[in-house]
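Shared between the two complexes below is chain A, which has chain B as its partner in the first and chain C in the second.
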Partner chain A sequence: MANNNDTLLMAHLMRRAGFGASRIELDALVEQGYDETVDHIIDAKPEIPVSDYMIRRYQPDHGSLMGSTTNGSNWLYRMIWSDVAFQEKIALFWHGIFATGYSKLANGKVLHDQIKMFSKHGLGSFENLLVEISRDPAMIVWLDNCESHKGAINENYGRELLELFSMGTGNYTEQDIKEASRAFTGWTIANTEYMTLKSQRDSIWPYGRLSFHFEYDPDDHDDDEKTFLGRTGKFNGEDIVKIICEQKATANFISRHMYSFFVADEPPVPEWPYKEPNDSAAIDALSSVYFDSGFDIKEMLRFLFKSEFFKSEKVWNKRVKSPVELVAGALRLTKEFDRPSREEYFTCLRTSYMGQWLMHPPSVEGWHWGTEWLDSGTLVERVNFSSSSLGNLKSAGVKNIAENIRKSIKAPFKPEQVIDLALDQLGALIVSDNTRSNLVEYAESNFKSIDDDSKIADISNEDVGEVLKLVGAMPEFQRA
Partner chain B sequence: MPTSVSNIVYKSTLGITAMQGRGFYFPYDFAFDNSKKMYVLGRGHDGDPRGCRITVMDFEEEYYGTFGSHGEQDGQFIWPSSIAINSQDKIFVSDEYLDKIIVLSTSGEFLFSWGQHGTGDGDFDGPNGLTFDGDGNLLVVDHRNGRIQVFDEEGGFIRKFGSVGNNEGQMDLPWGISTDSNGHIYVADWGNHRVQEFLADETFVKNFGYYGNEDGQLIHPSSVTVDSNGFVYIADWGNHRLQVYDSEANFICSTRGEATLSKWAQEFLDTNVEEKEARLKSELVFKLDGFEDDPHEESAHVEKFLWSPTAVKVHNEYVLIAESNRHRLQVFHQLS
Partner chain C sequence: MPDNNKSLVVVQLSGGNDAMNTVVPYTDGIYHDSRAAIRLTEEQVIDVNGSLGLHPAMGSVKKLWDQGNVAIINGIGYPTPNRSHFRSMDIWHTAVSDSIAPDGWLGRTIREMDPNHENVLTGVNFGLGLPRSLHCKEVPVASVGNLDTYGLMTDIKDTQNRDYALSFFSRMYGPNSGRDAIMEALGQNGINAMIGADILRGANDSYASSVEYADNPISNNLRDIAKVMFADIGTRIYYAQHGSFDTHAGELMNHEKLWSDLSVALGDFFDDLKAHGRDKDVTVLLFSEFGRRIEDNGSGTDHGSGGVAFVMGGSVNGGFFGEQPSLEIPEQVEGDMRFNNDFRSTYATLLDQWLNVDPYPILGDHYEQHELIGKV
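Here is the complex of A and B:
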């Protein structure tokens, strides 16, 4: 199989910067070149072939986004349909950090709006993103900033802004939290009492849910002098964000998040103060880009994807795919949803059975990634999903892959060839010797060697589908 | 044709959000029987099948119950799209997922159904809008096949017209359908952003609207109806408004909606005083940057505006329009 190193590296890039790519897609990208592909996916304006109008016509809840799961289902459509999935991957990255959940908001639309904000601002300056998340209505309610008033602050947002969103524990004082909270007084949503009451009561009456919008109340803003991280002034929220972004701790914190999400799993965030990064040099290099670029997320990621620490074979296939990454990646291969479909809703629900219910993070800390995705229950669900999806010949993408494999089979044919072809067509997958041995054992039990081209036609799509199903069950398909 | 008309005048709002029982959950269409009861077809959504039902009420919001449920058995629906009632008070419901027309009595008893997925005569690929012509035949918008099929009241195929495309007489994912007193047929040609008018013999007459958000322009119209004066009312689904034209397709007026509290909504708030008081203190109508370019987003924030109007129909001197996303019907006076 012609899995040259360029193809394998491109497959690695696409698994990390997107949700994977088929062999046909990889060939086109390799032709384009690695650096050019990095620039393209970072700078592209993604196109989604099925419009919001089309989805809303058939699935009206995708218009109002009232409920707890439709917003995730709507997002999954974008993940599987976008021609450049990087923007959705970025939104997923920020959703894991600025984790905001339905359980308190009871309003899917405002969470959907937050994800759209991540897509829009998630590749700009980190300073701007922090301002946007500070004025995001879902966040304001999630962390109670609408309950923080001049003379009676609620520290929830100020604390998490420093602890979970920017600097990490150990880099600020309790007094800094109070001062930051004072600076964000007056940052609220319109009609606070009615909107939060509807959320608390999960009220859909009388006419469904109402979207929230940001409102700045100057009368409720504490405009007195504050001292924050050693600086003093009549700070408002934007000033606090600016000071935060100038801190070395912030650069390191965001760099470590990027490394963990795109390169290799780091320990959970609460352990960061006590555990050094797996690759301190990489974190330092990313931090330098952070400052040199004026806190520009896009330039940090451009640097990351072109770096040797990202390209290194040592990190290939080392990350456990999150449930959403696993499902979106499989669906991009199977192409089973070419138009709005009620079945997509139930497929999206399966990510929750695997431990990642979009817009339902377990806490403000988000999900713990890495091997924590795997337990005996979630692993069975994951393997069942990927195996049944990749083996379903009713899906246009699977049928196409199976036919491509059959067309590539020539006499003299040895059974192990069908394994190599399947691994190749499913995105230039690399498997361990043990996995390959198991796959070959299956092939040798179910395929015969063929010396005559006229007998090649005896191999059916169904025969190949069984191989695809088996590859989907291999541990390597669970990794990115 | 009147020589002068005024803007369409709002009258009232009907209904309330309810996943089950009294109220609607994503209403897609409605129809009246001979006793003046109204049957509101709830689409529900894939995650909550309870909303998939028919709510029976009248114009004064007297509630008579619900029937129908989510499923694939006789008399059940998956993606119900349209409802029409014939002169014998038989209820016809199209289901664009099951590719069937389902016939029920006004008490909800399953009578019969027909249809299967396909492109042949009597087959469907997503049956949508329904209406009866002057002969009592049922016109069905077979939307992915880009055609109208005509059946007798027993489901027997009579004829068909239209094809997929954007030329005159062709259609792109059409949705709603209506006829006028002259037997002309009006089709909401959703994908082509227009309403097409045909003679009873299916000869193309003219278009109403074309793509855009200016007066008289349309984005993905979902439904159309014609009153006895010849005014044509179009549910401009993508612009989230109701537009009115004269019979020559000249724009007359439009409205984004004026919803107020229905009887059922008022009763809800009267028994949930805390919400009522918080609501009274709120400013529920406002302008935000970007609203002018995005009526969907505006309607998500401003409750009184139409949000995804799916069906418009004339009843007596009124025009009613169902909004799936706000789970209610707004009632306007016909132009005169």
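Here is the complex of A and C:
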């Protein structure tokens, strides 16, 4: 059972490139090798792990995707069951940056489509991704580009494209925002007349109940000359994106986001102009890969996962799990939802009490992360969730974990064996001495030492489950 | 009345409330001309003084106004307006406009009120996630998503077993050497959560009221605030959020719903306070990070500057404060209303006149105060 360094490193990789892995999964990956596992994760073909059709068969609410939470629970279900968890993690990464919310759209399907777009294009070139997000119908409505017209711009999208999606404040002027907005006039959604008619009958759904789609309207596009970031031309949206991608500020901005999401918590974005990165050398190295690879997200991440700054023990557990990471990670262990269900919908809702409601970001800025996830209120929700989930023997995964622990117990048995086995089974978790000694002491009040093999069978799943509740409540389970 | 009965309820109108369609200068020709798509007419608004009228959905607010319990602060803002939601909200949260401050003005207020952290519930947030205004290093603040289910490790039903498990929880999260920043945050919040949860559970159980609130987030939050208030557990600062007021598009419909929910919720809340004899103990502040452009964009309004804030309660001097900004073009700031009173004047007033806390260490400067509080 001894955890060698290879296993601990693999557990670190799987917490970051996915939602964690069980002991059995880790063993197989260690066998495969670290670099091979990174390549395997990075190069896996995008796939639909669970078809929307199958999800709809079991849970019509998750299939219609119109509601405010059903699309989130559909996504959570895929995070739990996908063999390619990395694909969902990437989508979650981009959802945090291109944060688009239901509150304004009143249409879950376009958000669902946007998340699928992240899975499909989120590992390609950043230039392509910026074009895709600029054409994304949910984004167009979310930041009002459909309300931006030749001669009457709405600068919402132009502003956030520069401030939040690529370069960060301080790297462009108010004039650049206006010019970018002009270049994106005509990038709109189709079928609005029909939708307007629909909305007259049904004002709750201002854009209709159908999923709206992108349309380029050349008549509404401002084709005059623009000057953007010092360059002049009759720019269209694609030209603006190209100029943005060539900026050093963009390379830094994306690299810092990547570092914060995959390596170690950085301060939230508004503090970036005022605070140096934790590891400037790492940001510089990622920026170099960005330019060398032609803005290729996949190559940046391949480099990141294989780098010493990622593998270093110094960054293990140096992230606070986001609520969705916490919940998806726990549910992958407990395996309690073997099919889409009403209960899974309510579980997804709990991530909102922890401060992260999927597809309901607090604003276009997305969520503040790191220790900002934690306040006494959200911590109550987080601890209660992980404690009750890991201690619930009705879940197939927990029952299995409890049985694995019992099977591994041998005489002479001391209660601390249960703790070490539990930490190992839950994904080779590392805990502080203080946490371990408290868990051991708690186990000692639940178990007696056993010298005789024949008495080992007296230990029940329920005994183990009681201990798992406290393991789930420990501070380390909140970290990744 | 001892000061520690007085409490402040802050309701954040997230997204940038359109001040011009909230307190409407409906007789102004420039208002008429610049709001072709989303104009509120003389017939629609609830007239207040012959030239300004409240949004038609603000009936309950008008009722409180008629009782002399509403101060409307027009033209509120700060120098060099920032039109980014996040930056501007940050400025309102931290009360610092020229640099990035690490903590919030209410967090600092709680630190002044309770320097030794004797009450982990001096400030309570109702909603999802703690706003920066309440954030201050080492200042405990509870954040309650849902008061009905609040507590730690509540799935252990046997109270004795639960308390036993929680004793280990408290040792895992309690002070310990060699903690990094994440463990500090986990530890501090874990211990505070444990203490606060027990007290709040009692508040929820003891509440009784004849007022029936509507079932929407802002009504639920104000009802939960009333529950905690009536339990007398020493909470002084309450916080809730309502939104999103980011009405770039479809403003007429969206703004109506937002103000209707809020106005009804405030009406019920004050009825509840009155029924419990507490209406003079509570002052409510409504604020938003900015106002919006004077000219509409054909469907809504874009980010602007110059806003409106409301201060309400049984001890508030009702009336208009600040000045209604002129809409004349030379008076505009880049197409926006020009602010004429700093939001920190309102903060200073509430701190000094209401909460009896010295504003200077919290705001870092002296600000002229309004005569907002008087009828004690």
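Definition applied: the second predicted complex is superposed on the first by the 456 of 480 C-alpha atoms of A that agree within 3 Å, B and C clash if a C-alpha of one lies under 4 Å from a C-alpha of the other, contacts with A are read in each partner's own complex, and residues count from 1 in each chain.
The rule we apply is simple: a residue touches a chain if its C-beta (ideal position, glycine included) is under 8 Å from a C-beta of that chain, and two chains touch if they have at least 3 such contacts.
Just so you know, these numbers come straight off a predicted model, no measurement behind them.
Asker: Is A:311 contacted by the first partner chain B, the second partner chain C, both or neither?
Answerer: A:311 contacts neither chain B nor chain C.
Asker: Contact-wise, after the overlay, does A:231 reach chain B, chain C, both or neither (first, second, both, neither)?
Answerer: Once the two structures are laid over each other on A, A:231 reaches no partner at all.
Asker: Does the superposition put A:399 against chain B (first), chain C (second), both, or neither?
Answerer: neither
Asker: Which partner does A:335 contact after superposing on A: first (chain B), second (chain C), both, neither?
Answerer: In the superposed model, A:335 contacts neither chain B nor chain C.
Asker: May I ask you to decide whether A:298 touches chain B, chain C, both, or neither, giving the answer as first, second, both or neither?
Answerer: neither
Asker: See if chain A has more residues touched by chain B or by chain C, and give me that chain.
Answerer: Comparing touch counts on chain A for chain B and chain C gives C.
Asker: Which chain A residues contact chain B in one complex and chain C in the other?
Answerer: In chain A, residues 203, 206 are touched by chain B and also by chain C.
Asker: Quick check on the complex: what are the chain B residues that touch chain A?
Answerer: Contact set of chain B toward chain A: 16-17, 19, 26, 28, 43, 45-48, 78-79, 96-97, 173, 175, 190, 219-220, 222, 237-238, 259, 261-262, 264-265, 268-269, 272, 274-275, 278-279, 281-284, 286, 288, 296-297, 300-301, 303, 307-308, 310, 324-328.
Asker: Within their complex, state which residues of chain C touch chain A.
Answerer: 14-15, 84-87, 90, 99-100, 120, 125, 128-130, 135, 140-146, 150-156, 164-165, 168-169, 171-173, 176, 178, 180-183, 185-187, 189-190, 192-193, 196-197, 243-244, 246, 248-250, 253, 297-300, 302-303
Asker: Using the touch definition up top, name the residues of chain A that touch chain C in the complex.
Answerer: 103-104, 141, 143-144, 146-147, 149, 152, 154-156, 159, 163, 169, 203, 206, 265, 270-271, 274, 317-318, 320, 352-353, 355, 357, 362-365, 370-371, 374-381, 383-384, 387-388, 391-392, 432, 434-435, 438-439, 441-442, 445, 469-470, 473-475, 478-479
Asker: Provide the residue numbers of chain A that touch chain B in the complex, in ascending order.
Answerer: Listed in rising order, the residues of chain A that touch chain B are 52-53, 56-61, 63-64, 67-70, 109, 190-191, 193-194, 197-198, 201, 203-208, 210-211, 213, 342, 345-346, 349.
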